[in-house]
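Structures given as structure tokens follow.
One chain, subunit A, appears in both complexes that follow, with subunit B as partner in the first and subunit C in the second.
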Partner chain A sequence: MARVFLEKVRKVFDNKVVAVDGLTLEVPDRGLVSLLGPSGCGKTTTMRIIAGLESPTSGRVYFDGQDVTEVPPEKRDVAMVFQFPVIYPGMSVYENIAFPLVARKMAKEEIKKRVEEVAEIFEITDLLSKRTYALDAGMKQKVVLARTFVRRPKVYLLDEPLTAVDPKTRMELRTILKRLQSDLGQTMIYVTHDQSESLTLADKIAVMNEGRLLQYGSPEEVYSNPNNTFVGYFVGNPGMNFINCSLAIENNVCILDAQDFRHFLPEISPSFAREIGQRSLIVGIRPENVEVSFTPRENWITSQCILSEPIGSRVVLHLKVGEKVIKAKVPRVEVEPGASIWFHLPIEFLKFFDGETQEAVKA
Partner chain B sequence: MLREKSRKIKTPYYLIMPPQVLIWVVVIFPLLWAIYISFHDWNPTISPQRTFVGIGNYLNVLRDARFLSALGRMFYYSGVGVTIQLVLGTAIALAIVEYIRSPRWRTTVLVLFLLPMMMAEAVAAQMWTLLITDTGTINNILVWLGFSPVGWRAKELALTTIMIVDIWQWTALPLLIAYAARISIPDGLYESARLDGASKWLILRKITLPYMRVPLAIAFLLRFMDSYKFLDKVFIMTYGGPGTATELPTFYLYQTAFSYFKVGYGAAMSWIFGIIAVIAMFFFWRLAKRMS
Partner chain C sequence: MKKVDWKRFFGILGLVVYGIFVLFPIYWTINTSFKEVGDVYKVPPSFIPTKFTLEAYKFILQGTGRLALSNSLVVAIGATLIAVFLGTMASYAYSRYPFTGLTNEGAQFNLLTVRMFPPIAFLLPIFWLWKTLGLLDTHFALIVTYSAFNLPLAVWLLKGFMDSLPRSIEEASYVDGYSFWQTARRVVLPLIGSGLAATVALCWIFIWNEFIIAYLLGGTDVILYTAYLPALRRGMRIMWNQIAALSVLAIIPSVIILVLFRKYLIKIYLR
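Now for the complex of A and B:
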């Protein structure tokens, strides 16, 4: 239980790589925050700095308002789970899980009680007496997670804990983790580049790119109100559609002019359009918000379906208009490649971004 | 067709013939010859006559107080000496990894420790012989520091002195093996253990040492085998003396066969000595296997 606060943390490695760049982030007490970002954006480095395994080049780390930047990892009471399970060789499953408690010189009976308790939760009771080398990655990660939860640290750091795990165990563990977190009410930071994991687990998501924090908010906020095009693109499957465009006014009606097509936006007031329409814009819309029709509709845009890509129970249609391709995610349908499809971009789902800075334009 | 087939089958035998012949001539025949000799009384300087004595030589060896005390010295010398080499080498290797971060410094320090090992045994022995005479450099330094000089080659100390010189020269081998074993331990283990709140001592006991068990067992075995056949330093530094104070089985064996020319007796002794080695190895492997 602790509030974690990173203040302007920057990490430059010996090889001049700037892994984390001016990161300020507050993780509330008992919060489950997910760090989300592409490979190499500095997620692991951030976690290692919180754990104390890496010291920041500049900036400070606080736990509950206390500066712990110089405190070594063994004194921080933080647990970290790495992407690949770290099992202590030559110890049995029981000894592995008991290790943090042994390190704290806890009484034998208490250790036994706690280990059995946590083994129950992770459903590995029958493994306790086993040696570890024969376990598969999924089982090993279960042991590691059990070892993490057995000692109830201040902060849990989970760095892509489920990436190396088979899909079935992954689903199982996701549920267990979510339940544990809400039962125990512990501060937890969870790194993943699987955004569905982020969206289902986290109270808040921090989207990072190139060592910087791009947006920090609830899953809902990050999903529906991306701060910039990167967040819009990165969150969601597939990411947002982006169309370079400008706003024009004809007969006092606002028109979105994307060169390859024009789209009437009668809902937008001409004054607003005049205000923001001066610069080049990017309009973004999520594929699941694009409306499609298989028959012509008035004022809808005509396109050609060039690809249909099933994702779970839904299908993503790639719709070609002139040079542009718009993705639409719709309930499963059979579509012949080359078929004509009409689509429409509902105004309430349109997000405008500045063409230069890629930042969201506030309405 | 049949001929073709039988020739095909013979070819491999022709191919392995030369090494076979070599092995028979230089290994197996001498071994058999040694067994044959060991059942005889034979002093080639007196007469070519060999008298058959059955297992008499063997019984005499087992009753030979000089042989048995040489054997005792060997177990003291290799047991204590090799253990010290192993503990010291491991400690130094771990200290290097723990306290020296820069790769260049690490290499430098390692090479410094390896230097004695690269010296020929005989050269090292000769060098130390000169250093440890009663008025040698070591004693001069001791006196200068205010201690009294030490009789390094006196009866009580001579074997230990040789052991110390051997430690000086050979600690580098377990050191090198321990170093290689230590740096092959993944960092993740240490990071995880530190986060779990483990003290340095607990990490050493529960992670580092268990991980290094097999390489260390091999280092022990290598050094033990070496000390078993150890001869050079005794030969040069003390020639078994004073009296028989530093007489190890190898040296006594050498004396028996090539100074007293009791060839049959020497052969029996070497067989007994060899069998003890085999038994020792056998127990050692059993132990190593139980550990891992």
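Now for the complex of A and C:
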């Protein structure tokens, strides 16, 4: 149990590659925080800095207010799972799981008890006496997770633990992890590039890109109120629609002008439109919030369906208007390619971003 | 009639011929070692001793031969251990840490150049070096020289094993609570065990069989068996039976090491 605080952490490799750039992040005690971002965004480096495997070029790392920046990993009392299962070859499954406890000179019976307990949780009891080389990646990662959860460190660090395992084991392990976290109530930091994993597991999500923290908040917050276009694009499946546009006022009614189409926004007050309308804007809306109709509706935008992608019980329609393509996620329907579809962008789901900085425009 | 598997037939035939080619000199050495010296020079030579005698072994084991063999053991064990120990440390550094001012390949190549020249090219300055220090003809000088000549080999062989060991295994061990040295002992060493065994075996063979260094840097106070072999003659007569006996005795340690470590040696070639 510990509160982890990163203060202006910066990491530069070989004097040129900036992996983490001025990251300040507070992970609350007993919280499950997910670092979310595309490959190469600095999330793994951040984890390695927290674990002590990498020392920051500048900035400090605190555990419960104590500066641990210079403390080597073996003295930090953290447990870490790497993306690809790291098994100690030549040791049996039991010895692998017991390894961190042996380091702490725990009594043999106590080790045995703990290993058996954790093996039960991950359903690998029958593997304990086995050698490790014959195990597949999913099994190996189970052993690694068991080795991680066999002790109670200050912080659990999980670096994309489910990326290398097959989908079935992934679902199983996700459930186990979620349950473990709520049972143990331990601080946990979970790195992933899979936004759905982040949304289902985490209490708080830190979205990173190019070494910077873009947004830090609850899953709902990050999902419904993205700070900038990147967060909107990266969180959600598929990501937000973005439309370059400007706001115009005609007859005292606000109009969204996107070149290819115009959309009436009577709900927006002309004064707000005047205030932000001067600059170029990007309007964002989640595909699941786009309303569609298969019959003409007044003031709705006419489009052509060019593609329909089924995702589970829903389908994503690619709607073409002029040069623009808007995605709409709707309950499953059969749509002929080329069919005319009318859509509407409800004002309550529209997010405005600055066309230049890509940052959200606050109303 | 059963069809003859010619491929298999010629394969086995080839192996038999090769086996004879390799084993005959060993057989002949053993054969010679049990003969009287007069028997050795007989024409045509006999394939088994006409009079079986342990004369040659007695001579070797009672005189300078025994001293030469024990000197060789001391020097070869000492030099092998030092070369493998330093080689392990150095290969870890080569494998894990970047060199400043020089690429890792460059640094490693520099080390390997030692083995690209024939030792004789270095030996005169080395001879004067030990002579100036007053250490010529000592176990110390021989051990240091042999370790130096075999260190590059040890580094080169072990670096391959170190490289194949993922960094993340060590990192997992640090996070699991083990310090650098504990990790080295409990995680790294067991995993490169086969590499260590193979390196020990190869260094041993090079040092044990070496002649020119033994002959130039030793020879009077500390005589190694390779330097003693050419001294086995009486007047104009070469004592082939004694040479053979000493050779048979000298093969024994190498055979033991190779038999013990052969499965690891194969790994070097299979890698």
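By definition in this document, the second predicted complex is superposed on the first by the 362 of 363 C-alpha atoms of A that agree within 3 Å, B and C clash if a C-alpha of one lies under 4 Å from a C-alpha of the other, contacts with A are read in each partner's own complex, and residues count from 1 in each chain.
The working rule: a residue touches a chain if its C-beta (ideal position, glycine included) is under 8 Å from a C-beta of that chain, and two chains touch if they have at least 3 such contacts.
Nothing here was measured: the structure is a model prediction, and the numbers come from that model.
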**Request:** Based on the superposed arrangement around subunit A, label subunit B with subunit C as either clash or fit.
**Result:** clash
**Touching partner for A:P337 - first (subunit B), second (subunit C), both, neither** = neither
**Message:** Output check: A:G185 vs subunit B and subunit C. Expected answer is one of first, second, both, neither. What do you get?
**Reply:** neither
**Asked** Which of the two partners, first being subunit B and second being subunit C, lies in contact with A:P266: first, second, both, or neither?
**Response** neither
**Asked** Who does A:P346 touch here: subunit B (first), subunit C (second), both, or neither?
**Response** neither
**Request:** Give one of first, second, both or neither to describe whether A:P38 is in contact with subunit B, with subunit C, with both, or with none.
**Result:** neither
**Prompt:** So which bits of subunit A does subunit B touch that subunit C touches too?
**Reply:** 51, 53, 72-74, 77-80, 82, 84, 86, 88-90, 99-100, 103-104, 147
**Prompt:** Within the complex, which stretch of subunit A touches subunit C?
**Reply:** 51-53, 72-74, 77-80, 82, 84, 86, 88-90, 99-100, 103-104, 147
**Asked** Tell me, which parts of subunit B touch subunit A in their complex?
**Response** 186, 188-189, 191-199, 202, 206-207, 210-211, 213
**Prompt:** What residues on subunit C touch subunit A, complex-wise?
**Reply:** 166, 168-169, 171-179, 182, 187, 190-191
**Request:** Note which residues of subunit A are touching subunit B in the complex, please.
**Result:** 51, 53, 72-74, 76-80, 82, 84, 86, 88-91, 99-100, 102-104, 147, 151
